[in-house]
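I have a structure I would like to understand better, so I am pasting it below and will then ask my questions one at a time.
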Amino acid sequence: MKKLLTTAVVAAGLTATAAMADDVLVLGKIPYTLEHSYHQSIVEMFADHADKYYGAKTIVVDGQANSDTTLSAVENLIAQGVDGIALHSPDIGMTAAAVAKAHAAGIPITTTLIYPETKNAPHIAPQEALSSHREGVVAAEKWIAANPDKPIEIAILDFGGFEQVVHLRTGPFVAGVKSIAPDAKVVAQQNGFGNTVKSMEIMLDILQANPGVNIIFGGNDDMALGALAAAEQLGRGKMDNGVPLTEIIAGVDGGENAMIKIFDPNSSFKLTQGQVRDNARAEVDTLVAMARGELAIDAWMEIPTLSQEIDYWNTTLAGAQRFLQENFKFEGNLAELLAN
Amino acid sequence: MNGQDENIIEIRGIEKSFPGVKALKGVSFGVKRGTVHCIVGENGAGKSTFIKILTGAQPATRGEIKLGGKPFSPHHVSDAIHQGISCLYQELNIVDELTVEENISLGQEKHKFLFPQKADNLEKAGAILADFDSTVSLGDRVGSLSVAQKQIVEITRALVAECSVLVMDEPTAALSLGETTKIMQVIERLREAGMTIIFISHKLSEIFEIGDTVTVLRDGEMVGTQSLEGMSQPDLVRMMLGKVVAEEYIPSTGARDQAVLEARGVSTRKLKDVNFDLMKGEILGFYGLLGAGKTEVAEVLFGHEYRGEIKRDGRVLRFRTERDALRAGFALVPEERREEGIFGLLSVMRNIPLMNLKTVMRRGLVSGKAERDLADKYIDLLQIATSGRNHPVALLSGGNQQKVVIAKCLNRDADIILMDEPTRGVDIGAKQEIHNIIRDLANKGKSVIVFSSELQEITGLCDRMVLMYDGMVRETLRNGDELSTDYILEVVAGKEA
Amino acid sequence: MGPKSNPMSLVKNQNFVLLLIFVALNVYFATTTQSYFQLGNYFNMLTQNAALLLTAAAATLLMKTGNFDLSTTANLAFSGVLYALLASWGLPLTLAAVITLCAGICFGAINGLLVTRYDISPFIATLGMMCIGGGAALLICGGQSVRTGLPDNFSSLMQTDIFGLPTPIVISFVGITVFWVAANYSLIGKYAMAIGSNKNAAALAGINVDRVVMGLFVLVAIMASLAGIMTASRIGSGDPRVAEFFFMDVIVAIMLGGTPLTGGRGTVIGTVIAAMIVIVIGNGLNMLGILVFWQTVIKGVILIMAVTINEKFTFSRLSEKMSAPGFSQ
Amino acid sequence: MRFLHADPQKVVLIGILAALIVGLTFASPHFLSVTNFTNVLLKVAVIVIIASAANLLMVTGNFDLSVGSVLAFSGILHAYMSKHGVAIELSILITLIVAMGWGGLNALTVSVIGINPVIATVGTLFIARGFALLIARWDGGANIMLGLPRDFVDFGRDPVFGLIPLAIVVMVAAVGTFIFIEKKTALGRKAYAIGANLKSAKLSGINTVGIVSLLYVLVALFAGLSGVLQTSRVGLAAPTVGKGLEFDVIVAIILGGTSMLGGVGSTFGMLLGALVVGFTANGMVLLGIPFYFQTIAYGGILIGTLLLSRKFDAKAAA
C-alpha cells in the first residue's frame, strides 16, 4: 500500500510539503472550490503574493463548496499549525464556527465574500454589489437606447437560492436595471448550478417560455456562457457592433472565456465584473499583519476591495487585457484572439 | 374419514386461484392423528400450493381448515408454527451465512429485548442431528455443508420445533439411499411417538414403505383419499395418471462398439484413478452414494482440472472453461435446474435456443420465425406443458422446467450429453417421458452419461453402469437380466468386490 | 454466535486485511508528514466523521438485508435545518432534537413502506426520497442557512468533552458499539443476515421480513437524522446544502467493508475500518498538500485496489473460488 | 389487452407522458412547438444515448456509475487536443478510443476480476473526474474554451441535413441500434440470458465475461461520444459537467422497467422513462416553478410512476 501511494504521489510529480522551518510563515488558504477558474486564480495569486512579499508558504485545502468539508479544512489547517487561515466559506452560519475554532487555537483568520454575522475577525469584502448594480444600470441603458419599444424582461440563472448570490449579485443587478427601467420585470429565475451545460439546457426552456426575455444575468460567467450558447442555438445571442439586437447577457468573474465574448462586437454577452489579485493580496496582508501582532486577530474590520465592472462599452480592450493579466495571469493577447 | 376426534386436521373445500390459473379446485379430506398421510400427484397437481396454504405461507381463496377441531386460518408461517404445524419445503429454506444452531432456532428464538436466550432444546437438537449425521455439529456454518446435510439441518429444525403435525414436501429428493433410510426410520419413530406426518414424495416406494393413508391430487382436483393397506403400486399410479406405467430396461438399439470417450487414470483431489469408456449410442450410468465422486466426474468432463487423460476420438481433452467443453461436443443438463439450468425470467421460446443460438439465426440475425418454430418443435417433441411459448419458464412446474433444460441441451446437438440427476423432483409421467427422450438420443447415435442417485433410474435406463465408491470406480456392469439390485447396493456401500 | 477467535483465521478475515491497509496508510502518512500522527489530528478526523461512522454502522445492518438508503444525505440536511429552525424559535435543544428525530423517522418509514409494502426497489424509493427531502430542506429555510437566534449552547453537543474525549467521538463510539452488539449478538443482526442471505427461508422460518426491513430503514433514518443534528451543531447552523455526498460515503464505506449490495454478509467493524481508511486518505493527502484533483484520482485508485485486495486475495475468497461454479455439492 | 399484461410500466409511462403533454399544452402556450420539443430532446439526448447502452448492461445485471465522469473527461480531452492542434476528426477518434479505455477499466475490474460494480465504477468515477479536472488545469484553467478552432463548435452545432441537431440524430441512432441489438442479435439474447441466470448462461456456453466487458466498453464509448457532442454544442469544455448523470441514466432505465438485478427491460421503455423525466423538467421551467419544488417533483415522479405501475400490475394480475 505504501509503495502504491508513493508511486502515485511521485507520478503526480508533486513533492510533499516537507518539514517547515520555524521562521517561515505558513498560511492556509481555503478556496470555495478549486473546480472554478476564479478560485484557482485566487489561490495562485494568494500563494504568489505570500511568497513574494513575505517569504511565506501557502497550504491549500479545498472547501469543495460544502460547509462541512470547509470546516474540516479549517480544522485540518489548525492541526498543521499554520500561522493564518484565509477562509472563503460557503455558508454564513458555518463561518462563525470556523472563526471560533481558529481563534481558540490562537490562529488568525480572515473571511471573504460570505459576510459573517459574528463580527470578530477581519473580512475582505469585494464590492460586488456595487458592480452588480452598475452592470444592471449599463445593461438597462443600452437596451432601452437600442430598443425603446421593447419593455425589459429579465431572466436570472443563480445557484438555487444561494443567499449570498442574492445579496451580492442578482439582487443589486435587478435593482440596477430597475433604477433605469422601473417597469422591468424578472420573468424567470432558475438554478443554473454554476455550470455552462446545465445553464444552456435551462436557458433554452426559459427562452421558450419567455421569448421576450432581453436581459439575462448569470450568477457567474459559466452560467452566462451557457445562456449565450442557448441564445445562439435559437438564432439569438447577437449584436450589431455593440448595438443590442436580441438580448444583453451579463455575468460575474471576468475570466478570459467571458472576456473574449464580451469584446466580440457581435456577441450579446457584454458585461461582467471581477477581482482576484486585490482580494488575494488583502487576505495575505491582513493575515501576516495579524501573525506579526500588528493587528488584533479578533477585531472586526471590513477591508473593501474593488470588484471591477467590465463591459464592452465602457472598458477599453487594453484595460480588459490588463485586467486578465493582473487577475488571471493571462498570457495571451486579447486583441489577437478577437481577430481570429 | 371417521369421527371428528380422530382427525387432527379437517380440510373442507379448499380452493386457490392465481391470476389465470386455478391451482386448487375444492380439496377436502381429513388427516388422522398419529398417522403418516401421503399426498401424491404429478407436478402441477397442486401439492405445493396446498402445503403453502396449510402452513400459512399463502391464504386460501375459499374453504376452511380445522386443526384439532378448531378453525385454523394461519396468516403467517409463524401462526402455523405456533399452532403446531411445521413444514419442510421442497426448496432448501436455509440460511447459508448462519450456523446450524442459528438456523435451527431461526425465527423461533426465545429472547429478551431481542437478545436470544440460550435455547433449552439444544441438547435435543444435537441429539437429533447426531442421529442423522455425526459429522455435522451445531456450530458449523451451513454454507460449508452439502445439500444433503443442509436438508438434514432443515429436518432437525422441524423436529425441534415442538409440532404436532410435520409436513414434509419431498424431504428425500436430494438425499442418498442411506440417508433416506435414516429419515424413514425417524418418521417411523415420530409416528410411534404420536406425531402426525403429512408426507409428499415422488418416490412411490417410499410412500408404500412409510405411509398409512394417501390422498391423490390431479390438476388441482381431489382424486381420492384411501388407505394404503392392500393397495398396489400400479393402483396408485393409475389413480395419479389414469394409466399404468411400468418402466423396464429397453436396450439402446445402436451397435455400441465404438468408443467416443476414454478416461484413463483420471484423478483430482477427490477422484482416484478413474477409468471408463463411453460408446457411441450408449447410455452410461454413474451410480454411487453421495460423496462417491459422481459430481466430480461430471465436473471433470465439463471443464475442471484433472490429472490423467480423457480422450475424445483419440485426442486428449483439456478444457479451461465450460465453453471449451461445449465446443468439443459436450452438453450438460445440470443438477440444480433453478440455479444452473433455466433462465427463469425468460420465456420458453427464449430459453430453448440459448445453448446454440445459431439455430435461430438467419443471415447473422435472430429470426423471430425460426425462434417460434424451434420453440414449437420442442414443446411438441418433449410435450412441455406450457400455456404458450411466451410463458416465463419460472412459472412452469418442475418437470416442465426440466424439459426446457433438456430442450436447450438437445438443441445444442452435442454428441456427448451429460445428465446430472435428470429427473430429480420430476413426477412419474414426466420422468418416463424424459427417459424416453434419453433413449431416443442414444438410438440416434448420441452418447449419454447419466449421473443419478436413484437406482431405479440407473437400472431402468442405462446400458452400462459405473459404480463408484469413495472417488473410485468399483465396478462397471452391463445392464441385463442377471442384474441384482442387492449386489449393486453392496458395491456402492463399499463392500469389496 | 459471535466472532470466533482463532489466530489462524486472521488471514482469512477480510477485516484483518482492511486493518492492514489502514495501518499501512497511517504509517505512511505518519512518516511523510509532520502533523498527521498526533492525537489532535485523530480527534479531528473522528469528530469530523462521527456522523458518518454512526450512520454507516447502522446502515450496515440495513445493507445486510440487501437494502440500502440513498436518502441519508437529504435526511441529514433536512434534519439539520429543522433542528436549527426549532432551536431558533426558542425550543429547548433536547425538545428540538426529539422533534427532529421524529421528523427524520418519516424518511425511514416512507422508504420502508415503499420498499416492503409497495415492492419498489430501494434504489428508486430512496432516490425519490433523496430528491423530495433535499427539496424540502431548501424549502423550509428558503434556501438560507438557519443561524440567527440560535441559543449559545447550540454547538455544545459537538464541542464539549466527556472524560477528555470529544462528545461526538463518544457518541459515535457508543453507537458503533451498540450496532456491533446488535449485529453480532442480537436477533436483529441474525435476522438481517438471514433476510439478505435467503429471504424466502427467513420468511418461512416465521420471521416477519417486512417488519425487520422496515425497522432497519427507520433505524438508518434515525441515525441520519442524528447525523443532521450533529452536523448542524458542528457547523453552528442549519445548512440545507451540507454533506452533499454523504450517502455515497456511507455506501462506499459499507461496501468496502465487505458488505455486498445484495446483503447476506458483512460486519459493522468492517464498515468502520473501511470508513476510517477513506477518512485517513482524505486527511493524509491534505496534510501532504496534494492537489485536490490528484486526491480524487488517488481515492479512486485506492478504492479499486483496496476492494480488489479485500475481495480477491484473502484466503476465504480463494477457497470459495476453488469450489467453482457449475456444479453444486 | 396482451400489451397491458406484458408490461404495465410502459403503459403507465405512456399514460404519464400523454398526460404531461396534454396538461402542459394547456398550461403553457409555449409548450407545443417544434422548438420546444427539440429542446426537450436535446436535453435528454445525452441521457438517452448513454442509457441505450447502459440499459443492455443493466439487463445483464451490471451497471456503470462512472458515465458522468467519462463524459466530462472525454469532453475536456477532445477540447484539449483540438485546442492544441489535433485535427477535429482525429481528436474525436482518439477521445473515443480513450473513452473505451475507461470502459475497459470497468470491464477489467467488474467483469474479469469480479469486483462489485458499485465500488469498481465509483473508483473509475473518481479517477476519470480527477483527470478531467487535471487536464483543464494543465491547459491553464478550470475549463477550456479560448483557442478552440471554429470547426470544433461547428461539429456540434451544424444540424444534419440542415434540419436536425446532431445530438438528436445520434440519439435516434443509438436507440435504434440498441432496439435492434435487443431484438435481433445474439448479443441481445445473450445479455438477457446473463441477467436472467449467470450460472446457466455460463453452462450454456455463453461468454459472460466477454459480453459484459463489451457492454462496459460500449457504455463508456457512448459516454465519450456524448461528451464530445456536448462540448461541441456548448462550445466550452468544463471538467465539472455530468455530475449526477449516472443517476439520471439509471433512473431513466429503471423507470423504463429494467430491473437492477437484470434479465428484464427494454430500450423503448428506457426512452419513455427519459422522456417523462425530460418533459417534467421542461414543463416546470416553462411554468417558472422554483428550483426547490422541481427537485421535490422529480422525486415524486420517480416514486409515483413505480407506484402506479405496481397498481396496474396488481390490476392486470387480478
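By written order: A, B, C and D. Residues from 1 in each chain.
Note that in this section contacts are C-beta pairs under 8 Å (C-beta built on N, C-alpha and C of every residue); 3 or more make two chains touch, one makes a residue touch a chain.
Nothing here was measured: the structure is a model prediction, and the numbers come from that model.
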{"item": "Of B-C and B-D, whichever chain pair has more C-beta contact pairs", "value": "B-C"}
{"item": "Chain whose Cα centroid lies at the greatest distance from that of chain C", "value": "B"}
{"item": "Euclidean distance of C-alpha centroids - chain A vs chain B, Å", "value": "72"}
{"item": "Rounded Å distance, chain B centre to chain D centre (Cα mean)", "value": "45"}
{"item": "Rounded Å distance, chain C centre to chain D centre (Cα mean)", "value": "29"}
{"item": "Touching two or more other chains - residue numbers and ranges from chain D", "value": "133, 137, 199, 202-203, 291-292, 294"}
{"item": "Where chain A touches two or more other chains, by residue", "value": "34, 160-161"}
{"item": "Set of chain C residues in contact with two or more other chains", "value": "138, 143, 291, 293-294, 297-298, 301, 325-326"}
{"item": "Inter-chain touch pairs (all)", "value": "A-C, A-D, B-C, B-D, C-D"}
{"item": "Residues on chain B engaged by chain C in the complex (per definition of touch)", "value": "55, 57, 76-78, 81, 87, 89, 91-99, 101-102, 106-109, 111, 114-116, 146-148, 157, 295, 298-299, 302-304, 322, 334-336, 339-340, 420"}
{"item": "Interfacial residue positions of chain B with respect to chain D in the complex", "value": "19, 302, 322-323, 326-327, 332, 334, 339-346, 350, 353-355, 357, 361, 365-366, 408, 412"}
{"item": "In the complex with chain C, residue positions of chain D that touch it", "value": "109, 113-116, 118-120, 122-131, 133-134, 137, 199, 202-203, 247, 250-251, 254-255, 259-260, 291-300, 302-303, 306-307, 310"}
{"item": "Touching residues on chain C, where the partner in the complex is chain D", "value": "114, 118-121, 123-125, 127-136, 138-139, 143, 248, 251-252, 255-256, 260-261, 291, 293-301, 303-304, 307-308, 311-312, 325-326"}
{"item": "Contact footprint of chain A on chain C as seen in their complex", "value": "20-21, 24-25, 27-28, 32-35, 38, 40-41, 44, 47-48, 84, 138, 142-148, 155, 231, 234-239, 241-244, 283, 286-294, 297-298, 301-302, 305"}
